[in-house]
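We call the chains A, B, C and D, going by the order they appear; numbering starts again at 1 in every chain.
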Amino acid sequence: MGRLGENRWGKSEVRVSKIHRGDERDEFSDVAVQVLLTGDVGAAHIDGDNSQVLPTDTMRNTVYGLAQEHLTDDLEGFGSVLCEHFLQRDAIESASVSIKENRWARETATGFIGGGSERRTAQVVQDTSGGGSVSAGVDGLVVLKTRGSAFSGFPRDEFTILPELDDRLLATSVTADWVYQPVPADTSATWELVRGLVVDSFFGEWSASVQHQGWLMAETVLERVPEIAEITFHLPNQHHLPFDLTRFGLENEGTVFHPVSEPYGDIGLTVTR
Amino acid sequence: MGRLGENRWGKSEVRVSKIHRGDERDEFSDVAVQVLLTGDVGAAHIDGDNSQVLPTDTMRNTVYGLAQEHLTDDLEGFGSVLCEHFLQRDAIESASVSIKENRWARETATGFIGGGSERRTAQVVQDTSGGGSVSAGVDGLVVLKTRGSAFSGFPRDEFTILPELDDRLLATSVTADWVYQPVPADTSATWELVRGLVVDSFFGEWSASVQHQGWLMAETVLERVPEIAEITFHLPNQHHLPFDLTRFGLENEGTVFHPVSEPYGDIGLTVTR
Amino acid sequence: MGRLGENRWGKSEVRVSKIHRGDERDEFSDVAVQVLLTGDVGAAHIDGDNSQVLPTDTMRNTVYGLAQEHLTDDLEGFGSVLCEHFLQRDAIESASVSIKENRWARETATGFIGGGSERRTAQVVQDTSGGGSVSAGVDGLVVLKTRGSAFSGFPRDEFTILPELDDRLLATSVTADWVYQPVPADTSATWELVRGLVVDSFFGEWSASVQHQGWLMAETVLERVPEIAEITFHLPNQHHLPFDLTRFGLENEGTVFHPVSEPYGDIGLTVTR
Amino acid sequence: MGRLGENRWGKSEVRVSKIHRGDERDEFSDVAVQVLLTGDVGAAHIDGDNSQVLPTDTMRNTVYGLAQEHLTDDLEGFGSVLCEHFLQRDAIESASVSIKENRWARETATGFIGGGSERRTAQVVQDTSGGGSVSAGVDGLVVLKTRGSAFSGFPRDEFTILPELDDRLLATSVTADWVYQPVPADTSATWELVRGLVVDSFFGEWSASVQHQGWLMAETVLERVPEIAEITFHLPNQHHLPFDLTRFGLENEGTVFHPVSEPYGDIGLTVTR
């Protein structure tokens, strides 16, 4: 008895990251794409006839498949390529592609600082017996490097399918907390110093694992800031998974990734003097 | 110069869903697992030697691999199985497994209502020329069925890898908005009626696609509630992806899934009289 | 050089809760209201002339002011009252009021369970020396009672303005974790038992504070479940602040509240045998 | 039968913002404070005796009360002041104060860009009849100025208590979408230009309201970028409410604010050529 009115179908939150390899420096794109189509799909709604319903999984794959060649900083251009691709299909009447690009600030030739969730933190504990502690820290410091990190030589068992990688993209959201003994005279200047050391160490030092990277950052801080007695890092490994394009008859150039929010590698360590 | 203190590594937010097939009715589990290990991994931190660092990707795979046989409503039992598995490895000294289970309320033999984000909504618009509208709706109504939904017969192109499925798990978070003409005398009773019709239609009617399911729900509502002039559904397809266990030498029983938050199929339709 | 096109102004996320006092039982409303207006406000945009711009703060106050008399389960009726109120003003041309109501499930005559964020939790820790622990718990169990809780007799200083209350609305999101010694044979049945005891104690026992309520819940659990060695509660006090209507020339009936997400009272306790 | 173990009480997510007025430029602090206390409060748990339970509302007020004099960029110093204040009370045995400071990047003498949620957006729509549109935009661009905005001369009714303000703190999270006709040759350069114009207009032009500010930003963009046919702004007013310290016998210096997430003023406008 009803009459089909406006309708559309598509895929939302298709997250794609891409490294644009350069001779001297890399560029990095990090986007979320939404594809919405309309077309001659009344029969799909009313009769369950899917012969004109392009699967939303195909839309997702198309985004990755075309990203390798076409995703640049011209987001509108990539949107047009996608629209034109989908409109080639007879039953599609309109296509809408929306792209949201996260902004990463360049820090080095292959290093970027992302997002804006960074916060300076402090904790003071005191008790009536004269005890207590003063700590400072940072959280939400999102860093990513396109080179300079590896993970190989690990043990394998029947559940291990991870390939060995000598050079991989590494991203994490640094949470660090350090204990002052004694409290420095200028806590703001010290905080800026420590943050800078953490950032420089992450981008400047090659690491064999997240654990190794954490150790190197801790060492750098302890060497340079005598007021810090110990430092704790929490370093979630924010995975950017290589997307396999060979399934679509394309060659993998190793530049297109699928960033995932969950699960994440969960690495923590404390380093003391 | 530093000394390695407390440290651990692991995988967080490993999301697993599982259908426990029964003769008369299915049970459904939906958990997020965290695995954290400690062990003899000083060399990994200090020297970048990964020979004892079980990859966190392996931990994730292990959770899926053991879930097929061992995940039941005895969460503590599944936690013990995982701990014992990881402790078999020489270099591991302790294992901690935390599990958080989302609660789903049974609605039918194979249907469940989840989460608690459900809200009743209403919108009144009026203007000085006497125009306006009164609508009501629901959002965050999370529903899942383990049978009674298919998706096949769709067009294929070079980017299509989705298998045809005659019986699949279907989950969505229903947002519905309907326009009253005229406004019913008892808006609360009418809302309860419509919500019940939507739920009954979702669980009671086989569908060939999300679009088809939306149409069937709309038809049911329009047939039974004369005060409703049109109804709009937004039906994100909350994918539970079959997890391929054959990579680990296991047989796929078709019961273990990977629920993903993003991307999601994005389906919308309006049905009028 | 520009021309003003579509425009509107209003207030979003105006959160209101209301107790509908009854002889035998109370009803409870918990809504978020959005008011959006359009009208003759070109001069406000172009010339900065605010003479027709009803402040959004006034819209917010109006929602609270009219809620005391008009907010019932007829959300559409309350929306109409608000639209008609705003349209009385000459410069307003249209009003749109959207209301989203959180659903609370009645548990007792004055007690409700809300939201759907509840999760069953479990944690297993094992080490190679044979040590370890098994705990279970719940998080996101949102409970609210309209009577049966007080807070008075507390110390006062120059920063204390909180009134003494002998009967107040109390809401919290219970997180509980308990340690099993030994692990019960049926962990699911034991979990259901503990959850029921926590709920019954919260709704059934009068408390002088959140701390007192937590103690009473812990006592109940320890008395009835011998396998539990200790239990820890985290009980954020989710404040519903009485909204002062006397500022608008109205009498406070003590039924209209402003639920706030932050800050929240942060109460934690462990009870052992 | 139970024995009270570890316990603490306090207030979490006490959000405070503060303007540090300077001759040439202002500084701005934006923190969330958590206070947790332990002490001799067994009787509060077991007997409901609140005589030693400092209310968490008092802790909150204390944070605001002491912020006016003591909150600087030395977060650890402010934490110590708070700890020492609470430890003066006999029954308190330990105090823990944690502070998280959002980072704002200075843009002008009184203007700041905050958070890191900023995203570049693009939308391409095409249909088979040759129609379509290309738009670009920004969302999550959080801006705040400590001077240069007013709101006065508005209509008053029985629900109006908002004071007239000739100079106020103004903060918003800009969402802007503009339509290209034609699409510029270099979409990235054009995007950077438009973003810069929006930012410069917000910080550089005095406004009588959010609506007025939006109009001024739109005018600036339309004047300078001929490829833009129309622009739409969504400008939620992110309120920083002056916190009234006179209730504690302190003088209001007009520097301490309570930032609130909800409700928010909800302003939208489109400007065309």
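Here, contacts are C-beta pairs under 8 Å (C-beta built on N, C-alpha and C of every residue); 3 or more make two chains touch, one makes a residue touch a chain.
Only a predicted model underlies this, so the values are computations on that prediction, with no experimental measurement involved.
Q: Taking each chain's centre as the mean of its CA atoms, which one is farthest from the centre of chain C?
A: With centres defined by C-alpha atoms, farthest from chain C sits A.
Q: For chain B and chain C, let me know how many angstrom lie between their CA-based centres, rounded off.
A: The separation of the two C-alpha centroids amounts to 26 Å.
Q: Hey, how far is the Cα centre of chain B from the one of chain D, in Å?
A: 35
Q: State, to the nearest whole Å, the distance from the C-alpha centre of chain C to the C-alpha centre of chain D.
A: Going by mean C-alpha positions, chain C sits 23 Å from chain D.
Q: Going by the contact rule already set, what residues in chain C reach two or more other chains?
A: In chain C, nothing touches at least two other chains.
Q: By the touch definition up top, name every chain pair that qualifies.
A: Here the touching chain pairs work out to A-B, A-D, B-C, C-D.
Q: Residue numbers of chain D touching chain A in their complex, please.
A: 73-77, 79-80, 82-84, 87, 92-103, 114-128, 132, 134, 136, 139, 142, 180, 183, 187-188
Q: Spell out the part of chain D that touches chain C in their complex, as residue ranges.
A: Where chain D meets chain C, its residues are 1-15, 32, 34, 36, 41, 44-46, 48-58, 60-62, 65, 89, 151-162, 207-212, 214-215, 218-219, 222-223, 230, 232, 236-237, 247-249, 261-273.
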